[in-house]
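Shared between the two complexes below is chain A, which pairs with chain B and chain C, respectively.
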Partner chain A sequence: MEDEGDDMPETSQMSQSSKGGDGVGTAKTALKSSRKMSRMVKNEKGRAMRLQKAAAKRERQNARQKVRETLGEKAPPKEVPRTIENTREVDATMVEPEDEEVMHDEAHDEMAAYFNRETTPKVLITMSPYAKVMTWKFCYELRKCIPNSEIFSRKGVALKKVVKQATKKEYTDLIVVHEDRKKPNGIVLCHLPEGPTAYFKINSLKFSKEIKNVGESTSHFPEVILNNFNTRLGHTVARMFACLFPHDPKFTGRRVVTLHNQRDYVFFRHHRYEFKKDGSKAALLELGPRFTLRLKWLQKGTFDTRCGEYEWVLKRHEMETSRRRFFL
Partner chain B sequence: MQCDDVTWNILNKGHCSYKVKTKPQNFCRNEYNLTGLCNRASCPLSNSQYATVREENGVLFLYAKVIERSHFPRRLWEKTKLSRNMTKALEQISEQLIHWPEYIRHKCKARLIRIQQYLIRMRKMELKGRQKRLIPIQRKIERREVRREEKALIAAKLDTAIEKELLERLRQGTYGDIYNFPQRAFDRIIDQEEQEEEVEQEEEVEYEREDDEDVGRKQYVADFEESDEEDEAMEEGNGVHWSPPNTSSEESGGDDSDESDSDEPTTSKAVKGKKKDAKATKKPKRTTRRPRVEIEYETEPAEQRQRMKVRH
Partner chain C sequence: MDCLVGSANGMLKSINLVENTFKNMSVVSSLVPKRDEITTLCWSDEEQTELLSAQLDRQLKLFDSLTGNYSTLFNAHGGEGPIKGVQVVEDGNIATAVQSGLVTIWGTEGTSKLQYEAGNDLLRMRVCPTRRNYFATGGKENPLKLWDINTPDTPTFTSKNVPPNWLQLRVPIWINDLRFLNNSENVVTCTGAHQIHVYDPRSGQRRPVQELLWQEEPLTAMSTCANDKHVVAGNTRGEMALFDLRNKARMVHKFKGFAGALRSIDAHPTAPYVASCGIDRFVRVHNINTKELVKKIYCKARMNCILMRRQLSLLTTVKEEKPDRRRKKKSAEEDEGDDSHRSDSDEDKDAIWEDMGVVAEKSAAAKKIKRKVKSPPVDDDEDDDDDVIIVEPKRNK
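Moving on, here comes the complex of A and B:
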């Protein structure tokens, strides 16, 4: 790797010098070649230095390892590297695991009906009016992934009307895929009987066909994994996601849908798993789309951008000032 | 009185401040111009007999130039209000501009129609609701987000996180009887010898459900990096994984359920205690107990039932 890196500047430099050096006097070529030589020497020196540094680091690591082994229990504790998650700004809304207030709130919020098993999810997927191929593809993938979902092509119907009609037909959730420049770029997730509405921006999207070694999805109800949703806001969002999937996952289908939150980016993955080595390892086969979402705003009540009550809005200038501050 | 030709010559060849020169057209910025182009016939300054149709706040007027008043510029143009009805307005124009040159009459009517059309469209748009708002893409923000997403992806270590979670659930026994691992069998036997409790199916089911709740509880024990929230909610969601008799299991299942709850009975206890609000009906269990579910698999039902009996 280092060789390639070093070669590039050399070759470009050589080509430059050769271009210039042809019709010019010998003095110039001599100068250029001497510069070339010094540059090559510098590159080699640089490489040597880097190798030295790496060797020194290896030595230190080995020494520490040995100390740890010999001392065993009494060894100085392993140093914990500083990560962004470690140094995250303290958020007042972080949920403790046994927060009664939170549990009480959650037992009475809009999605409690799902969690008390009063309703089964029925999802309506729709899109911007006159959507293009990519958006349709994405909607098909979502339909495959989320059981009990249907696609509805919106031909200019206003979104509020869609919401009303969907509630009448007893859908529990509405997903609107928003499109821009012929590509899906946002998702409005609305929990229907007057549930909260969230708008996510799709940061990256990969269809199943583009993933290497992709598998075929089945129609078993998937398990859901929701990782790292720590704050109150995160809890609401996670519950909204959970409402999309039916209650009883068929474990025999071994399908798992993961929504993992890391630094406010929610990664969606869809796998089939298999336990290997007597249950000490799990192998994952990726199915289905792979996309990242970022929450832009969360609104109480159904979709009403003009006069709705926003619970949370990402205001860039106020909120994105610190690199250690996350909201989900 | 007015020498139109001379005026036109001067304006055309010389300088006209209303003229806008573009390739290939010349436009006239004069507000009384009928067509908007800079022509001999369209120039309001160099035609003594001239008329236009203009609208103000949605009301249409016919402006006719009365050349006798050319030295009173303020009174030069005579204004007549046109009716809202288009056909009537057209008739009014014909009437007012009777005996006027064809060109002006025709162009006035055309302009009237055009104005009417755009007024209608404006009204429709007002009623229709908000137009799409164009939000500009901020390149710096986009680049920053892409970069941060990459870093977050690396930090997330998705595959390992998912594997860990699944293995946790396996350990906790959420999958119950499906997986039959020899190592677990060993554990099972040990546990079995330790406790002998009659477990009814309900309890087992409850146990499983409660186990699910446990799964979320990981935050208590596991490392800080990955705290699985969504515990009660989600676990309740994924609650009962068994409607006992029916699951068509392709796997000829393990006879016994997987392994007892394991390493975290104590911690889970405290946690579960709280959890029980929602499920008050469930019996308070919580000791190392092994779930035993009687499931009749299609493959070898008799055998299993037999084994179950033996255990009891």
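Moving on, here comes the complex of A and C:
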């Protein structure tokens, strides 16, 4: 057998090198070989078990399929698998579709000016002082993606001053890319006249060049899709994102920016779409950066971490105790 | 109606703690937040059935909880900025304090009777609950001032800033909230420089008698509670804690469950409950001693001020389960039900009286004996009784 063949040269080497006599050497090798044997046996047993389970599962599926075919309409409905999103803890702040008070609140909040079409978005992108290449690359990508945006180098100016200067120059939003260890790791999104400030942590970032089969972006105003922002806090954050992009997308450009929230992580994707087969399916071509954001805190008013009032702060020990509790 | 909350969009909400619901006292569509935002609330009578609210456009409104009527009283004109304090002073007059520093006493029809200039950037004004003609004001770079209503020219007490800190930098004055301590004229303030100060106007000291630094964020709200020595305060980061103001002022424990900044805290004067509200749109009621979150109610709007009634429906449901001994001795009804307690205390009292009688009879004899004993100087040892240990200076020797 092959096992013994492997063992043989080992044992001869071991017996030659061991000084304490053959007894110790052979005991060690015996242990090694027995361990190898038991591992092989376990692997085989495991494989056999897995095959058995798969076979049993296939049998059950076939049986159910047959039942469905025979009964047709009267068959019992397909069972819905239990997921973490399904079993999410009940949140009192979930916004009902026709909630009068929430609608009134949103109609009068800081971002109402954008939604009433009184202002057009003008975005200022800046970064941590003396930022490195990666951060600049990320800012260039953001500038390409968000229309009507400008990058300014930070040059050591305090953020409160940046906010003041931007408000004077009539910018509506401020994005500050925060850097740590030469890589972008956070975004401070501040809506400008007196709007809320949000701080996100960037979890995974892929530049356009790193994405396979990436496409060329264009300058058409994109469509914006905001998925799954269901709670009151989620609504505020979604409105902040919406304020970055111009009101009227150019549909002929077929460019779409998606911000999808799942389990408190916001996924940013940028695609060009093309409808196929009479509009039932759409092919997507990925453009632009791909990154994930997680909200750390939301502050009422412009950036003032010392004296400003926080509307929501992620307190890990209190809030991250349950796997089924989400806030956005 | 256990708590009344004034929100940032102008809605007055009444909260039922047992059912965990809230009710709006006006129609949502009629509100304009920039005009109607409620900046302060206060009870307007001793029975806590009527409430005064001040709006951002200086309208004072009266809410009657018995009829549910929410009507405008008058417009508190004069000065600039929102109303930062509304209180009822003696004779039913209303005092309002505006951010520019003008404190006005109004009659019920809206005629201004007296005016005081309390300094710019006033952030809080409160009236002493025991002496209704005495009030305190404080703000940003506006030190604590205590005023007597009858002397409008100068405050009776102006506080002094604390000495510069360890870097020799001047500590800013930024009084965010102030309260008169129970059963005294001492004032406790919480500041934006994360300090809690206690002032005693009757001591000669103008500087705070006690100072406590806590965390790094500005403290925005505070309340006194049932215990005279305890105070609850909260900051902008959503942290609320109980503080003990005895000799060494310290934090007792924190209350958990907040997500956002606190704007107002109100504790019950006798029961161990504290209600708080803030801009995370929740009203929370905690048990002060066990720090557990008793109630958490979502109220859909950012809230500015909260008031808790003395007659809580929570208390009447809990009272049946947990009888409080102190109250039982005071209230006549419960004494009947608890005869054992009463008889014990009576027996003790009787025993005390008997003892005292016996002592009185003995004392004359004891005095005679003592006189006899004390005359010779060597008798210091005999004076040592079993229960009384007195260290006497030995002057005879």
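Everything that follows uses one rule, which is that the second predicted complex is superposed on the first by the 287 of 328 C-alpha atoms of A that agree within 3 Å, B and C clash if a C-alpha of one lies under 4 Å from a C-alpha of the other, contacts with A are read in each partner's own complex, and residues count from 1 in each chain.
Basically, a residue touches a chain if its C-beta (ideal position, glycine included) is under 8 Å from a C-beta of that chain, and two chains touch if they have at least 3 such contacts.
Predicted model, so just to flag it, every value in this text is computed and none were measured.
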item	value
Room on chain A for both chain B and chain C (clash or fit)	fit
Touching partner for A:92 - first (chain B), second (chain C), both, neither	second
First (chain B), second (chain C), both or neither touched by A:307	second
Which superposed partner A:126 touches (first chain B, second chain C, both, neither)	neither
Partner chain in contact with A:251 - chain B first, chain C second, else both or neither	first
First, second, both or neither for A:232, with chain B first and chain C second	second
More chain A residues in contact [chain B versus chain C]	B
Which of chain B and chain C A:101 touches, first, second, both or neither	second
Least C-alpha distance (whole Å) that remains between chain C and chain B when both complexes are overlaid	8
Common interface residues of chain A - those touching chain B in one complex and chain C in the other	100, 306
Touch list for chain C against partner chain A, complex	9, 11, 24, 28-29, 31-34, 192, 216-218, 220, 236-238, 256-257, 259-261, 263, 279-281, 298, 300-302
Interface residues, chain B side, partner chain A - complex	129-130, 141, 145-146, 148-149, 151-153, 155-156, 158-159, 161-163, 165-167, 169-171, 174-176, 178-179, 181-184, 217, 219-220, 224-234, 236-241, 243, 247-251, 271, 274, 277-278
Chain B-touching residues of chain A, taken from the complex the two chains share	83-86, 95, 97-98, 100, 103, 106-107, 111, 114-117, 158, 203-204, 223-230, 234-235, 238-239, 242-243, 245, 247-252, 256, 258, 260, 262-265, 267, 269, 271, 273, 275, 278-282, 284, 292, 294, 306, 316
Chain C-touching residues of chain A, taken from the complex the two chains share	92-93, 99-102, 104-105, 108, 232, 300, 306-313, 315, 318-319
